[in-house]
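Next up: the structures, one after another.
One chain, chain A, appears in both complexes that follow, with chain B as partner in the first and chain C in the second.
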Partner chain A sequence: MIRVQDPGLETTVQDTGRLGYYSIGFPPSGALDSFAYHVGNALVGNEPGAAALEAVYLGPTLEFTVDTVIAVTGADIPAFVDGEEIPTWESVAVSSGSVLSFGQLRAGARPYVAVAGGIDVPLYYGSRSTYTLVGIGGFQGRALRAGDELALGADARDPKAGRRLDGADVPVHPSTAEVHLLVGLHSYRLTEDSLARFTDTEWKVTPDANRVGYRFRGAELEFVPREQPFGAGSDPANVTDCGYPVGSVQVPGGVEPIVLLQDAVTGGGYATLGTVVSVDRDRLAQTKTGDRTRFVPVDLDGALEVRRDRLGALDRIRSALT
Partner chain B sequence: MGSHTITSRTPGVFYHRPSPDADPYVTEGASVSEGDTVGLVEVMKTFHEVKADAAGTVSRFLVENEDEVTIGQELVELET
Partner chain C sequence: MTATEAETETRYDHGGDEFVYVELSAAMSLPVHFTSLAITRRLGEEAIPGVEEICPSNASYMVRVDPDRLHPRDLVRELQRIEGEVGSLSDDLTVATRIVDVPIMLNDPWTHEVLMKFRDRHQDPTGTDLDYGARINGYETTDAFIDALAASPYLVTMMGFVPGLPWCFQLVPRERQVEVPKYVRPRTETPERAFGFGGAFAVIYPVKGAGGYQLFGSAPAPIFDGEQRLPDFAENDSVVFFQHGDVINYRRVDREEYDDVRAQVDAGTWRYSYKELEFSPSRFLADPDGTNAAMKEVLYG
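After this line comes the complex of A and B, so read on.
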């Protein structure tokens, strides 16, 4: 069992997400930085899909009541067991009574804690991921609090300390992240200049950045004037309601674009100017308020190639860690 | 006499007061003990108290009310 001494900030149980319910308004939830989450599970010898903990900015302080194996991945943050710094991106044995704690974040935004066997919370619609907005999944549908006790799963495939991710595969978290953007859906609503301005601008992450989405500041965008169609309302930033892909970009009022993440609003009436390639959401998840982001346009073939490369690398890493 | 700087543990928006109508937690010249609250940082719609991690006298604020701050940013200078 894990006893939560200090919850950190918005620490939640997450797995690969709750897929298949988007059409009824359920976003997938799940780990925002999918790479860090999957590598964490591989390091501790879990089957892919075991639930882990995701925190943001401030790591939690956790006491273990059993001997087990853990791995800290994701953000660049010092981690300690009983006050001794431990390596990250490496599996570490902890004893019953040991306490995991964190120092001040150096880069990135979200640390992950994987534990042998995974965090054992009830499956809700096929997933252990927490969706805090409506209070479902994870540990009682909410972020952790001091005093919470988390059960651990018993089905770790091969828990072992000392498994380490090759240094060349450890992601760096630059203060200006680059993410690939597939332009489309309603990009025709922006003037040509504005669409170019969107991809030329270094956007700054505002304090409004969470698991639902990230809001950015940096430029103003203009829409092509038109007579609005039925159902679209009078604001030129609006279209007739439609579904929003996870990773899609809306620009309410032409200022402060929003990129939707794993707890996305599933649909609405803002023009969608493009969608961030799924594997690049990992990079967005490791940016924080004040960091900058550039959106690099790709076509569909380019987007599929980015995804294929990144998932291929994850497969290679997984096989190397068995 | 030395000096000590209190830094932010999270990015967010800094506030001098617990609520818009309240008095500031501390003002320049005030003496604080370790653990006293000297401000708030709002992040992800939650408010985190900034605590003095040393005792001393507030010599100056290094950020304005409602400034956006980053992790490790210097917020308050103390004379210790």
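After this line comes the complex of A and C, so read on.
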């Protein structure tokens, strides 16, 4: 069991997500930085898909009541067991009574804690992921609080301390993140100048940045004037309400682009100008308020190549850690 | 692309590496909606490997694809084939559905309080959302506008935003349809169970949160129940009440009846009243008012 001594800022239970219910409005949820999440599970010897903890900005303080194996991945943040600094991106044995704590974030935004066997919370619509917006899944549908007690799963495949991710594979978290964007959807609603400005601008992450989506500031974008189609509404940013892909970018009012993440709203009526390539949402998840983001345009083949490269690397890493 | 082209030609596009977005028309209409429904139903029946999720919506639909199993370009080819086979709206299409009585209090105190906080994000910072909606839709009084909102039933043409939210398209000829813009910038706050309107669609917000729709009223009964406490949710083993294709009759209630429904919800005894029926789009298009009257007769009979 894990006893939560201090929950940090917003620490939640996450897995690969709740798939299959997008059409009734359930976003996938799940770990925002899927690379860090998957590597964490591989390091501690879990099957892919075991639930882990995702924190943001501040790490939690956790007491273990059993001997087990853990791994801290994701953001660049010092981690300690009983006051001794432990390596991150490496599996570490902890004993019953040990306390895991964190220092100050150096780079990135979200640390992950994987534990042998995974966090054992009930499956809700097929997933252990927390979706706090409507209060379902994870640990009682909410972020952790002091005093919470988390059960651990018993089906770790091969828990072992000392597995380490090769240094060359450890992600760096620059303060200006670059993510690939497939331009499209309703991009024709923006003027050519504005579309170019979107990909030329270094956008600043606003304080309104969470698991649902990140809002940015940095430039003003203009829509092509038109007679609005019936059903959309008269504002030039409006379209007839439609599905929003996870990772899609909308620009209400032309001044505040929003990129949807794993707790995305699944549809709505603002024009979208494109979609961030799925594996690059990991990078957005490791940016914080005040950091900058550039959207680098790719075509579909480019998007699929980015995906293939990243998933191929993950496969190689998993094999190496088995 | 010109606006005219955008309104009349099906657009196939890629939402990143994992989504294909298909817009049958930039404008909303019932024939286009039923074409979207026919295509997505056929796609579901074909069970093509790599098609992970199918999301029909108002005048478009979206498919989540596993690009490691099915190339998104191959998926687009399949969708174009299905569009050709399904064709346009067939006269004998009927949809098995139900008509649901949904109490609603328009011009309620709760959404009024919230909308007044966000005037700086609204097209008309000096008025209310209802006054604005009445004016731009050509109604002489806000009361007449409110009457029109509740006068005819709505069809659920899309689900989502958050779990269980129904997009409702009023079943009246186009010249009688209400249309309003979404807020210039979305609010960061919307009360739970708010009745909103954006574009040509009415919604009920299942939970509190952000939102960009004009706020017109409040529903006393929940449409999302995460713990399945109420019998409507427990008996169907679902956390959401509405389904795609439901017909909703919004029935105006006063404060007294609103509070009475709230008390039934608190006591765990609230149940929606609804009746099953077959909805025929072609019959509706031929005689909207007659079809609506017949459906209300089934519900309240």
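The definition used in the following text is that the second predicted complex is superposed on the first by the 322 of 322 C-alpha atoms of A that agree within 3 Å, B and C clash if a C-alpha of one lies under 4 Å from a C-alpha of the other, contacts with A are read in each partner's own complex, and residues count from 1 in each chain.
Operating definition for what follows: contacts are C-beta pairs under 8 Å (C-beta built on N, C-alpha and C of every residue); 3 or more make two chains touch, one makes a residue touch a chain.
Note that the structure is a prediction, hence the values are computed from the model and not measured.
After superposition on the shared chain, chain A has more residues touched by C, the comparison being chain B against chain C.
With both structures placed on the common chain, the touch criterion links A:58 to chain B but leaves chain C unconnected. Legend: residue contacts after superposition of the two complexes on their common chain; A:24 is shown touching chain C, with no touch to chain B.
When both complexes are overlaid on chain A, the residue A:253 reaches chain C alone and has no touch with chain B. Of the two partner chains placed around the shared chain by superposition, neither chain B nor chain C is touched by A:116.
When the two complexes are overlaid on their common chain A, residue A:10 makes contact with chain B while staying clear of chain C. Legend: residue contacts after superposition of the two complexes on their common chain; A:50 is shown touching neither chain B nor chain C. By the touch criterion stated above, A:311 is placed in contact with chain C alone, chain B being left untouched.
In the superposed model, A:289 makes contact with chain B only, not with chain C. Within the complex formed with chain A, the chain C residues making contact are 1, 3, 6-7, 13-19, 21, 23, 25-29, 52-62, 64, 67-68, 71-73, 123, 136, 158-165, 167, 174, 177, 179-186, 188, 198-201, 206-207, 209-210, 212, 224, 226, 239-240, 244. Of all residues in chain A, those touching chain B in their complex are 9-10, 56-58, 104-105, 206-207, 209-210, 288-290.
Of all residues in chain A, only 19-26, 125, 133-136, 141, 182, 184-185, 188, 208, 212, 226-227, 229-235, 237-243, 245-248, 252-253, 255-256, 265-270, 272, 274-278, 300, 303-304, 306-307, 311 touch chain C in the complex they form. Contacts from chain B toward chain A in the complex involve residues 9-13, 42-46, 48, 68-72.
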